[in-house]
Structure formats: C-alpha cells, structure tokens
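Quick one: the structure is below, and I'll ask about it shortly.
Letters are used for the chains, namely A, B, C and D, taken in the order the chains are written, and counting of residues starts over at 1 for each.
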Amino acid sequence: MRYVSLQKDKLPQFVNSLQKKYKVVAPVKKENLFVFATIEDPEEVELDYMPTILPPKKYFLPQHEKLGSFVKDNVAMADTNIDVEPTVLFGAHTCDIEGIECLDIVFHDTPADPYFGRRKKSIIIIGYECMKPCDEYSTCVTMDTLNPRAGYDIMITDIGDKYILYINSPEGMGIIGKNPIFGKVENERDVKTKLLKLREDKVKNFKVQIDADYKELNKIFGTSYNSKTWQDVGKRCVSCGNCTAVCPTCYCFDINDEVKLDMSGGKRERVWDSCQLDEFAMVTGGENFRKERSSRQRHRYYRKFDYSVKKYSKFFCVGCGRCTRTCMADISLIETVNELAKEHKNAK
Amino acid sequence: MQSKLLKKEMTIPADFLYSPRAATIVKTKQMTANEKFFEIKFDDGEPLGHEPGQFIQLSIFGIGEAPVGICSSPTKEDRSTFEVCVRKVGTFTNALHKLDVGDKLGIRGPYGRGFPIDELKGNDVLIVAGGLGIVPLRSLINFIIDRRRDFGNVMILLGCKGPKDRLFTDDMKEWERMLNINYACTVDRADPDWKGNVGVITTLMPGVHIDKNRTYAVVVGPPIMYKFVIAELLKKGLSENQIILSLERRMKCGLGKCGHCQINSVYVCKDGPTFTYAELKGLGEAL
Amino acid sequence: MSQSKNKKVRIALFDFADCEGCQLQVTYLNDQLVGLLEHCEIVNFREAISERSDDYDIALVEGSITRKHDEERVKKIRENAKILIAYGSCACIGGVNGLRKKFTQEEAKDIVYKGREFPIDVGEPRPVHEVVKVDYFIYGCPTNNEETIKALKSILIGKGYTPPRYPVCVECKLKENVCLFEKGQVCLGPVTRGGCGAWCTSYGNTCYGCRGLLDKPAQEGQMDILKKNGYTLEELKQKFETYNLCRMMGEQNATEKS
Amino acid sequence: MQQKNLNINVDYLTRVEGHGDIVINVKEGKLEKCELQVIEAPRFFEAMLRGRSIFEAQHITSRICGICSTGHSLASIKASEDAAGFTPTQQTVLLRKLLLHYETLDSHLLHAAFLVAPDALGVPSVLPLLTTHKALVLMVLGMKKDYSDLCDILAGRHTHPITVCPRGFTKLPTKKELQKTKDILTQHVAKLNKIVDLFTTLKLPNFERATEYVALTHPEEYAFLDGNITTTDMRDSVIHPHDYKEVIHEFHVAHSTSKHSKNKRDSYMVGALARININFNKLNKQAKSVASALNFKTPSYNPYMNTIAQVIESAHCLYDAIAIVDHFLKIGINYDEVVSSWPKVDEWPTFKCKARKGVGAVEVPRGILIHEYTINERGIIKNANCCIPTNQNLANIDLDMKKLVPEVLDKSKEEITLLAEMLVRAYDPCISCSCHMLDVKFIE
C-alpha cells in the first residue's frame, strides 16, 4: 500500500489524529501572510497558502539553538543532548521540502551536525502539492521543485474531489496505519498514472519567467562573476539580511555564549547569521573580505547557483520566491538572473 | 580537497562536535607587548595529534571561542603538550591573555588541512613569514628541523614591523645558528640596536636563489604581503602549485557549516587554511 | 572586571534630562533583579531607595547632558566610576531631546519661559559621550531589559558589551513579523541599530529609530525604498529626526566645517 | 507656642517620581518660607512638538515622562483625534479604558503600598516592610509585575506603549491573551482585599483644608477617559474640555521650573481625592463597599486621604477592567479594526484635516491631564499646550504646607519634616512630568 485516499472534509479529523501523538506545525494565517506555527485547532490550518514568511527550516535549525551548557570553572560542555518533541510538519510545499533536503546535505556532510540530525529524525514531513502557482515571484518550475521528489514521509495531492496521500516512508506508513478515515485505493497503478497526468497538466498553469533553463543556469553564473549587475543590486541593497533569513537553504550561523545571572554558568548557542551583514566576513585588523554590498549580494546568489553546485552538485535555490517577496528594495531574483542570462547570451 | 584528518574526526562522538576538550595551561610567555605564548596540555594526557598548519578552536566559557594556529611541531619532544601564540586584538584574545599557568581552557580540533608535508618532502622549501604568519610556520619549521633529512634546502625569510615585534626570538637564534638552514630577517623600521636588514619582506627576495624545479614556497602573512611575495615568486619561475599559503578568515564552527570563512566555493576551515596559489587564484575573494 | 568573592560590584544610577523611563525598566526586572543583586549592589537609585553614595564601580547614566551644572555633575560621576555606561537613547544619542536643537537657545527659552525672570540655563542637549568618555552603550527608548541584563552580565564577566551593528530588520525577520513595507507603511528598521528584539514592529507599529542610525546605514537605498512607497523627502527627514537629530546636526556641522 | 527657629531643607525628595526639594524656614515661630521647589533640567517638549504630525505626537509626548507615559499617550491621542475630527470605535474606546485602568491600578497600588504605607507604619522605606510585612510586599511586587505583563499584552510595553495610536490599536490581543488577562485580574481581587485590609489599620494624619477640587465628570460613568470638566465650586455645571482655560489658570512662581495653576481660589486640587469628591456616586458597588470599609466619607478635605481615595479607585478600576475583558471574551475582538500608526499613502486622501484645535482631557492617576494641539490642514501641530496634574497641584501643596506647619510647630524637627514629606507624597506628585511640559505657545 503506497497510496490512500482521504475525503476532503475529513482533513481536520486527520490533523486531529496527528495532534494526539505529535506536535503539529502547519501553515496558519498571520495578518495578510502565512507562517508555520504549532496549531491547536485543526481549523487553523490553511492549506491554500502562499509561501510562509520563514520557511520550515526554523524547525530544523531554530533561530536560536542551544548547543550546550557549562558551569563556571569547568571547561566541559554539558547538556549537549537536545530533546525534540515528536513533530509533524504538515502541509509543506515541495519547494520547502527541497530546501530541507539542501540543509540535510550540508549538515550531514562530514562531520555531521548532531543537532540538525536529531531534529531531522524527530520531524515527520507531510507535504502538500501545489496545484497552482502562488505568485509571480516563485521559480519552482525552473528550479524543478514543483513536483514531489524526495524528502517527505507523506505527500498529499488534491485531485479534485478528494485527496490522494502517497506514503513514502515507514514513518509515513505508521501514521496512516489502520486509521479508518483513509480510503483504500483500488488500483495503485491507475492512481500513479492519474497523478503523473495531473502533474503534466498543472505545469501549464505556471508561468516560467527565468530566461534560462535548469541546465544553463550554472553556465550563466560561470561567466557572471564580474557582471555589472552586482553593482546595481549592491546599490539598492540595504543589508537588512531579510533575504537570507527567509531563504530555505541559507544556514549560516553565529555562536555566542551567554552566562546566567548569578554567573555560575551559562549556555553556548548558535543564532542565525547573514552573509549580507557588514561584519560577517570581517577579520582581525578590520580587514573585510566582502566589504561592498554588491559583493555580499553576489555571494548570496553564488551560494545558490554556483558554489553549491561545485560543492554538493546541487542548486541551493528551490525557487520559493521568498527573497524577492521579502526584499523592500525590490531586488528580484528573476530580474537579476535574467539580467545575467542576457549578458551571458550577448557575450557569446 | 578533503584531508585525512576528516576521517579521523568522524570517530569523535557527534555530541562532542561542538564540545571542547578540557586542557590546562602549563607554560606562558609574554613575547611582545601584544603577543603571548601558551603551552597547553590536555587533561586526559592525550597528544593533540595535529599536522603543521592546522588550527584549533580555543574556548573560554562565557566569553566564546577563537581559532588559532598551532605553533609547535607534532615532532616536539614532549608530545603531550602543544603551543599557541596569540595576539591580543579583541574580546576573546583579551580574556585569553589574562589566563596563566594552571588555568583551564577548552580545545576543539585540530581542524583544517595542514601544509602538504608529503609534497614538500624531498624538495627545497622556502618559508616566507610576515608578522603573525610565523605562528603556524614555526610548527612547519620545527617539523622540518626534526626531520631535516627528508627535505632539501631550507630557507627562512622573516619580516616584522620592528625588532621588538619579533616572535620566537629564541627559535630564531637557533635557526640562524643552524648550518643547514638559510635564515634571513628584516624589519620595516629599525631601532638603534638593530643591526640586521631593514625594509619590507620583498627586499629579501632578490638575494634568494632557488631551483624553481624543486622548490616549494610556503608563505604566511597579512593579505597585503601575499600580493607582493607571490608576484616575486612567480617571477622566479615557481609554478602556482609550488606556492603554498595559509589564510585567515572569521570562523565560528571550524566544521564547514557556519559560513563565515567561506571564500567563493571553498571553506577555509575545512578546505584550508592552507592552499596552493593555484587553488586560490581563481577565487575572487581569496587574496 | 575582576570580582573578588566577597565584594559586590556597586552599581549606581543617575539621571539627567530625560523621562526616567529607562530607570523605571530596572524596577520591572523582578526576579532578574534579585539574581543580579547576588553579586551587585545598587547604590544611588533615587526612584526606589533613599541612600546615596559616591563609592561605586559602575555608573549607569540616563538622560542627555544639557546644562553647565549637569556637565560638571557627569564629570564627577566619570571620575568616581570605573565603568560608565550610557543608558538609554537620551544618553546614547540624545534621543528625543535632540528635537530641541531645531531652535536656538534663545528661541527655545522664549517659547517656553516667556516673561519669566527665573534664570534658566537652557543648554544644548548632548549625548553623554560628547561630554565624558563612555565605556559602553545600552540603547533604546526605553531600554529593553533583556538587552540590559545581557549587557550587564557581559560587562561583569569582563567580556564587555558591543550592541548589535545590524539593523532592526534582522531581529524582526527572526520573529517572523509581517514586514511593515509589506503593509504599505514606512519603517526605519532597515537603518536603525538592532538589539531591541524588534520591539515596536512585533507589536504592529513601525520602528521610529529610537536606537539610533546604524554606523553605516544604506541611506541611499533606504531613501529609494521610501520614495518608492510614496513618501516625500520631507516626511523622511522628519522620521529620522525624532531620535537622530543630535547626530544629524553633528554631521551637518562636520560637513559645514570641512 | 514656643519661639522656634527651624530650617528644613529636604534635598531630593525620595520616593516621589522626579526631583523636588522641600524648603521650610521658620524664624522665631513665624513661617518665613514654606515651599516645594521643583527644579529640573528643562526639556522643551513644547518646542519639540512644533511642526510634528498628529500621528507622531503620541510617540513624542509619551517621552515627557516614563512613569506617566500611558496617560500622556492617551491624552495626546485624544487631542490628535479631536483635532482631526476622528471618532474612535467603541472597541477602541473600551480597550483604551482598559489600558488606563492598568495604569491607574499600577500607579495607585505602588503609591499606596510602597510609598505611603511605610510612612503610616512609621518606617523609613519599603525595605523594613520586607521583614514585617514580607508577604504583602512580595504580593504587591507580584501585582506590579502582573500589570507590566498586562500592559505588554495590550500595549507592547508599559513605558512608552507601542500599540496605542490615533485611530485605534496597531495590534489587538488574541483570545488566549484575553483569557490570560482575565485570569490575572481575577486573582487580583483577593490581593486587593488584602491591601484594603492593611489600610483599615493604618492611621493617616488628621489635617484639613477645604479647597476647590477639579476633575472630569461623565453622566454615565466614573470619568477616567472621557468627560467634561467640573469643580466643586462650580456645583452642577460643566465645561467642555475645549474650554479648560476657564478653570485652569496657569502662572509662574520663582521657586520652580514648573508652572502652578489656580481657578477662583488661590489653588485647587486634582487627583483621586478630587475625583472621588466629585464623582463618588458613579463608583461601582465594589468600590463603594471598599469606601465604607475604609470609613471614607465625601467630601473629604484631608489631602492625606488622597491615598485612601486611590485605594477605593483601585477597586473600581479592577472590577471595571474585569467587566471590559468579560465583554470581549463574550463578543470577541474585531481584528479588522487594527490600524497603522501612520496613515498609509492610499489612506491620506481620506484624511480631510481642517486647521483647528483639538483637546484631549484624561484623568490619569495623579489627576486631570490635558493636551491641546492646534493643527493645520495637513495635521501638523502649530501650537501645543499641556497641563500636567502635578503642576496643577503644586500651588495647593504649598498652601497646605503653609497651613500645616504652624499647626504642628510644637513637634520636633524630624516629625515636622516627616509630616511635610508625607503631605507632598500624599499628592503622589510626578515631578518628572511637571518640569517637562509647560505652556506651549508659538509666535508665528
């Protein structure tokens, strides 16, 4: 059994059954936008949502994460184990799931990061497939993250009259189990064909705005290091660090110590950091290797489209569009990449 | 670009990835007004097990961590201790300077890729050190001295701001004395007692005669020095692969995750801190 | 600062031209205050206790320095204190007091004390560091207790305290707030020094820049953004002025001089 | 009475908010000088407001005084809205009332328990009470923390509230937060009773001086946020806040950087005692029963009884706050009413400000607070004036002292000093405020 069906009106019941065993985090409304939050009432869940302000990476790499604690006059760090409440990440889009996959590669690269590893193990991912584009900023088609591939336990697809759930792991199976709210799927092969057809069709609804395809992208960046586009982007950037905070694949962090009030000890924690901030690459003597905003912005793009390919053979942009959406200076990923693509073509 | 070391690390239990090991300061020496030398021993008596050119993360709880190069050679007589030399520049280093013999601190590492000893072996080695650059190079120099037979000609060029800024003056006397080592030192500004060379380090270069086919240059110093020294070395006919550098970047984890030390596609902490010039040449942000 | 076991660090609070709101925050520390008092002693806290002393290690100075008399007082405090901390925006950047600078001393006096014989020393509002050396800065109008505690702890263990050099946006995003620009409002977050935990923006208001301009604000970029959102230069200047007039006037003078 | 020389100079009054000194000079049994001196670094808020928009007036004037910032915010907002011709929704009004109740409760309780109770119990400060009345002191500290938490929920913080602004709130409490609010307030009922119990045992000095009492009054409720101005000398007539200058006449005195005020008599009093003397009948029944438990009768001409009036008002505020929260728990909060603190670009055309005057009069803990702005058609303040409660009381305090000191001249210097200090403290003066706002007139 890889597929089950679910009547649409039973979805709250499904969420409710999850809540009995897990902390359920799902997209909910926040003013005119959405965020992932722990839900209390299944009715809060908004499956028809725009990418959330922060991606679900905050559950895998929290904004502030304790690495361990220490007591005065002792150099050993204690308390390095973290307890992660068994959690279900409900309704994640395929692009966000791909983002978690990217982080997984980084944090499992030797030496593997134990904190990330433990969180990853404790969080069950139930995805929700996008059937229509969220807005004009996402580039999931170009980045090939529109359709489910890997990295989830269950994938929910809306096939019109009901949901089809694809079970992708033993954990996913454990959740579906014998729960009577799910319907049996008569012929799994038919369902599979149907889903494939559905996916073929839905792509047509998505407008492709990047003037380069997946394969070309890396080549474009190969020739764009000195493009004047970076100057233009740098001039507009205000170095607020929003684009990196909202990016599902940005993972840079800082490590800080904080002592307790009575000075008897304290904790060491890591906090999200951003390569867009002035101090990020500053070393002793005041030397700063990315002093200009233009070089910092270039660094961000190269981490998505070039360095990650060299290091992990993978694009680290999942096309969610968040960086563009969040940028108050209107620095647009689509525009920037198209600008580079144009230059690349002209150079040829 | 992964070194042997990374495999070793995998045997460290995951929990200890960010946990420093306890160590005690067994000896200190104020080298200059701003630089202090520390000899350190792990509380469990284990040797550090490093290669010249590697670094460690020093840790003082409540204050934080800082990466520093190791200045002793793994071939040192007493293998249960290792040495560092730290310049006082900010929060952590100030706190470190306040520590003394008997005080404890935490150590993570050793991390990074050391100097390519295997390639240097059998060849001539030209060592060029500017300022603090002597710190990791001392590890290499002493390694070479202890394994002198494995190497060809050895030349050491040293540059400092002034005579009072020279580090490891005892070692220097030793190196100067050694017949099988060519040693030269220059200062930017002399004082009345100084009898040696005056001028930036490149002024020593013309006097150096090297066999470009069997010489490796190992250069460590401030960014500005690299530009000029590399140009000289290339002029002398060394290939980009024969020039080895060590870089300093801000580092938080030392494990290739935190992103601070990233230069284009490489992470200094894991892929470096030592690189050949060939490796760095194409990287816009390296030098 | 090295602490010997039995001598507690003595902390004194002083106020100058201000609203005393920052001192008031200390009374909200509650449990944390109790924890702090285990190794510190508060002397000179006029809002809460009667005793006074000239023997203290750390002086928290609140408020801007205006009159001659205040200038002398703060110099004495500097002499007595081992560490002097400018506490709150009035002390760190002049804060709202800077708005007074839009008038000359005579104008201001005339507006307020017209027809009075009582001699008034109007003075120029200045941040504390323009009068005496300041060791550490705790920004905010009012100061944020979380930061105050963090700074004090950090200073007490000898690490010192450097306020964030990044903008308010960083903390705002980490809290996952809906950006004010998204809602069509003008926010000074991108050019204002962080550290407050994006206090105002987390409560739906805009940032007013109370922690002062960043050292290297992207002024051009910010102007572009605001203009794009339909705001005039005039309105912008006004927004910046609320807390930053002391610095803005200072920079103007500097450029005038050069 | 023996011929006596006395020179009292209480430099830096402690346990009042701000800087003030008491000077009493008696020569050969004759009172030569007796005054409360208020000298502080002036900050010129009046000038600062000039040319600022009504949408930032709240933010700026809140900084007049950290202790009374909520009161200043609300008075400023009311003046701004009045000037712009904007009427807030019922939800907004109720939530503002709730916030003002927090402010009043926090201020009254702190004053009664920490600043006045030590005097009445004959100890120099709250510290000795930590041994004799430890549970009570901790309880009040806890209540104080609660009010700061409640302000966090509703306003983002207590000092310089964030969410309150002209037109409404920038953030509204969630249902969960309302429930939490309710829980906290409900717990305070028993706690307040304990404070009332304490005050039934305390003895306050016997001293009377009839004066004029000035407060807001409202036909349907005990006036805090809304109402017209009245005084005990005006009997039953009221005046609109716009005409406040018919009652509040300000004047300068030499010994203070703050302005003094009077009406027909040489001085008048504002604050809890004034309010209760005028509006006693509008108190809710719980407050009335506290009044009878404390043996309080109106009219009271004893300024020391101001503290008792504060305790009675606390009961009123607490029960009214609970009623407001219950109301919202029942009908829910309308989150569509969230506003921005500054109109968005597309909202501007809907603002048709006329050049006109706006006045906001609010009963804050220490009495009636008035902000008056004259604006132009773009909502820019051209002229501003603020009347601070403490300033309005200063003349009355001076006159009270002048009556009190000769009556107690037979006592020791220490006792006289204490009585004088207690008198000043009874008014709960906030000297911080009083120096920071004076007449604001721009000559253009």
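Quick note on the criterion: contacts are C-beta pairs under 8 Å (C-beta built on N, C-alpha and C of every residue); 3 or more make two chains touch, one makes a residue touch a chain.
Because the structure is predicted, anything quoted here is derived from the model rather than measured.
For the pairs B-C and A-B, the count of C-beta pairs in contact is higher at A-B.
Here the spacing of chain B and chain C, counted between their Cα centres, is 43 Å. Chain A and chain B, compared by their mean Cα positions, are separated by 39 Å.
Averaging C-alpha coordinates per chain places the centre of chain B 68 Å away from that of chain D.
Here the CA centre of chain A is 38 Å from the CA centre of chain C. Residue positions 62-64 of chain B each touch two or more of the other chains. Each of the following residues of chain C touches two or more other chains: 157, 183. Multi-chain contact residues of chain A (touching two or more other chains) are listed as 259, 263. Applying the touch definition to all chain combinations yields A-B, A-C, B-C, C-D. The part of chain B that touches chain A in the complex is made up of residues 2, 6-7, 9-10, 12, 14-23, 59, 61-65, 87, 89-90, 104-106, 222-223, 248-250, 252-253, 255-260, 262-265, 284-285. Of all residues in chain A, only 30-33, 35, 52-54, 58, 63, 235-242, 245-246, 258-263, 272, 274, 277-279, 293, 326, 328-330 touch chain C in the complex they form. By the touch criterion given at the top, residues 16-25, 27-28, 30, 46-47, 49-50, 63, 66-67, 70, 95-97, 99-100, 102-103, 107-108, 111-118, 120, 122-123, 125, 141-142, 183-186, 199-200, 202-206, 208, 229-231, 238, 242 of chain C touch chain D in their complex.
Considering their complex, residues 157-160 of chain C touch chain B. Against chain C, the residues of chain B that register as touching in their complex are 62-64, 91, 95, 98.
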